[in-house]
Amino acid sequence: MKKESVDRFSVSLPPKLLKQFDTMAGEKGYDNRSLAIADMMRDHLVEHRQKFGAEEIAGTITLVYDHHKSHVQETLTDIQHDHHEVIISALHVHLDHHNCLEVLVVRGPAGQIKKISDALIAAKGVKHGKLTVTTTGKDLAG
Amino acid sequence: MKKESVDRFSVSLPPKLLKQFDTMAGEKGYDNRSLAIADMMRDHLVEHRQKFGAEEIAGTITLVYDHHKSHVQETLTDIQHDHHEVIISALHVHLDHHNCLEVLVVRGPAGQIKKISDALIAAKGVKHGKLTVTTTGKDLAG
Amino acid sequence: MKKESVDRFSVSLPPKLLKQFDTMAGEKGYDNRSLAIADMMRDHLVEHRQKFGAEEIAGTITLVYDHHKSHVQETLTDIQHDHHEVIISALHVHLDHHNCLEVLVVRGPAGQIKKISDALIAAKGVKHGKLTVTTTGKDLAG
Amino acid sequence: MKKESVDRFSVSLPPKLLKQFDTMAGEKGYDNRSLAIADMMRDHLVEHRQKFGAEEIAGTITLVYDHHKSHVQETLTDIQHDHHEVIISALHVHLDHHNCLEVLVVRGPAGQIKKISDALIAAKGVKHGKLTVTTTGKDLAG
């Protein structure tokens, strides 16, 4: 297997911060500081890029709601079908007799996805909702 | 003003990732790579130190990875099966020939879920991952 | 040969469905609609009479429906929540503006799962449904 | 709400068969014989149409496998990514420490889907697999 090329550079940090970072990296399961820094950079790149409306993003929208509340499901499904071209699929888990957790996998222009997410989370009967933005993987270096 | 002491160390990164990071740092107004990395580390430390205890949470873990990277899938599946009692199910979307998005629906003690999530995100080959914590709905008024 | 006695009754169907059925019956070689219906009934009786007892099975229930049909979603969700202990999760795909495909992963006593499946498929607004029985893997050699 | 138009026609059946059918329809939860016959017709139409290779179908592929068997996951993922344009998403449930149930939602030309399904089910390590064909809902009268 060909070794992947790397760029090597040096970083200067307050000693205490470096120590705290190394402790955290260990707790997260990294045994290599460069890998931990690389993952952290990718995380910030994903977050930074979601501010640009037309950029294509992938992500998930997590919703918890009580399906007995009047019309909550109809409302959520109507919003989803109006945007079925960016909603790849939805996974529904029955937490108990009342509560549902639904997670939608979405992919499309950041601006449109933000708007759908806002509408779903604001829907009456939704107890809690969160948009998690990630990447389509294409334009993020491995 | 006394100069603060610093620790100097070297980091190895894929060249393309380093370039993407430098561009972002410039857009954010940093003219010094070490300062940008220091701020990013502090940001992650704040997030990492949120307390995750014995209370029951529900949530999702979103992962993007290149399934062609050696053993990434085996690693992810092994971690998941070791904790199958808290992972309700996983939804897998094939983004393109290389990239997968996988979202796991989890439910259990917060501390255990944080640990699984850290292990999955740190796994080699995972480009980006995020734990989204929500509620089981039971103790949250509708 | 003695003429066999028959019961005569009337059926009301959407005109388009009746036309599609007649076309299929013709393609299958029937020249008599009653005979085609009789054979179809016998086919379903054979399937229905498979024994579903107390043994544990795993399986999937696949449903296609038009979510605009009045109350179909509410009905399906109510049935699912009444049996949330055997329904592990449900995956929902938005096929187009009208049509949904939903697949439920189920695990539990065969008899109970057959009953839930029958109720979901018979729900008004469901165009097509199928129970696929598989194994929990435990008692099947690899 | 506008009443939907229906075609009314009469059917002649052996009395015993009609009685058995009515019993089954009752057990399945129908309280209207015409609705039970309509659902049965749609089921046969879906099955009949899957014989035509180029027709677009939707469906699910259910697989049970032991993820510890060497390379089974890599094989399954490689097949899936080679056909990612017809595989909408996959739901993965961890049945126990060894066994996985995976259900794929597929949509595309009947011939291609049959071929993918055969390849997945034949893969070494898969204990049991089933293709369930349904409809995209578009060309099936409601």
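First chain written, first letter: the chains are A, B, C and D, and each begins at residue 1.
Criterion: a contact is a pair of C-beta atoms (placed from the backbone, for glycine too) under 8 Å apart; a residue touches a chain by one contact, two chains touch by 3 or more.
It should be emphasised that the depicted structure is a prediction, and the values quoted were computed from it without experimental measurement.
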item: Neighbouring chains common to subunit A and subunit C, by label; value: B, D
item: Chain whose mean Cα position lies farthest from subunit B; value: C
item: Between subunit A and subunit B, centroid-to-centroid distance (C-alpha), Å; value: 10
item: Rounded Å distance, subunit B centre to subunit D centre (Cα mean); value: 36
item: Gap in Å, rounded to a whole number, between the CA centres of subunit D and subunit A; value: 32
item: Chain centre separation (subunit B, subunit C; CA means) in Å; value: 42
item: Interface hub residues of subunit B, defined as touching at least two other chains; value: 88-89, 91, 93, 95-96, 98, 100, 105
item: Touch list for subunit B against partner subunit C, complex; value: 88-89, 91, 105
item: Interface residues, subunit A side, partner subunit C - complex; value: 67, 73-74, 77, 80-82, 84, 87-98, 100
item: Touching residues on subunit A, where the partner in the complex is subunit B; value: 1, 4-15, 17-18, 20-21, 24, 27-30, 33-46, 48, 58-60, 62, 64-66, 69, 88-89, 91, 93, 95-96, 98-101, 103, 105, 107, 125, 127-130, 132, 134-138, 140-142
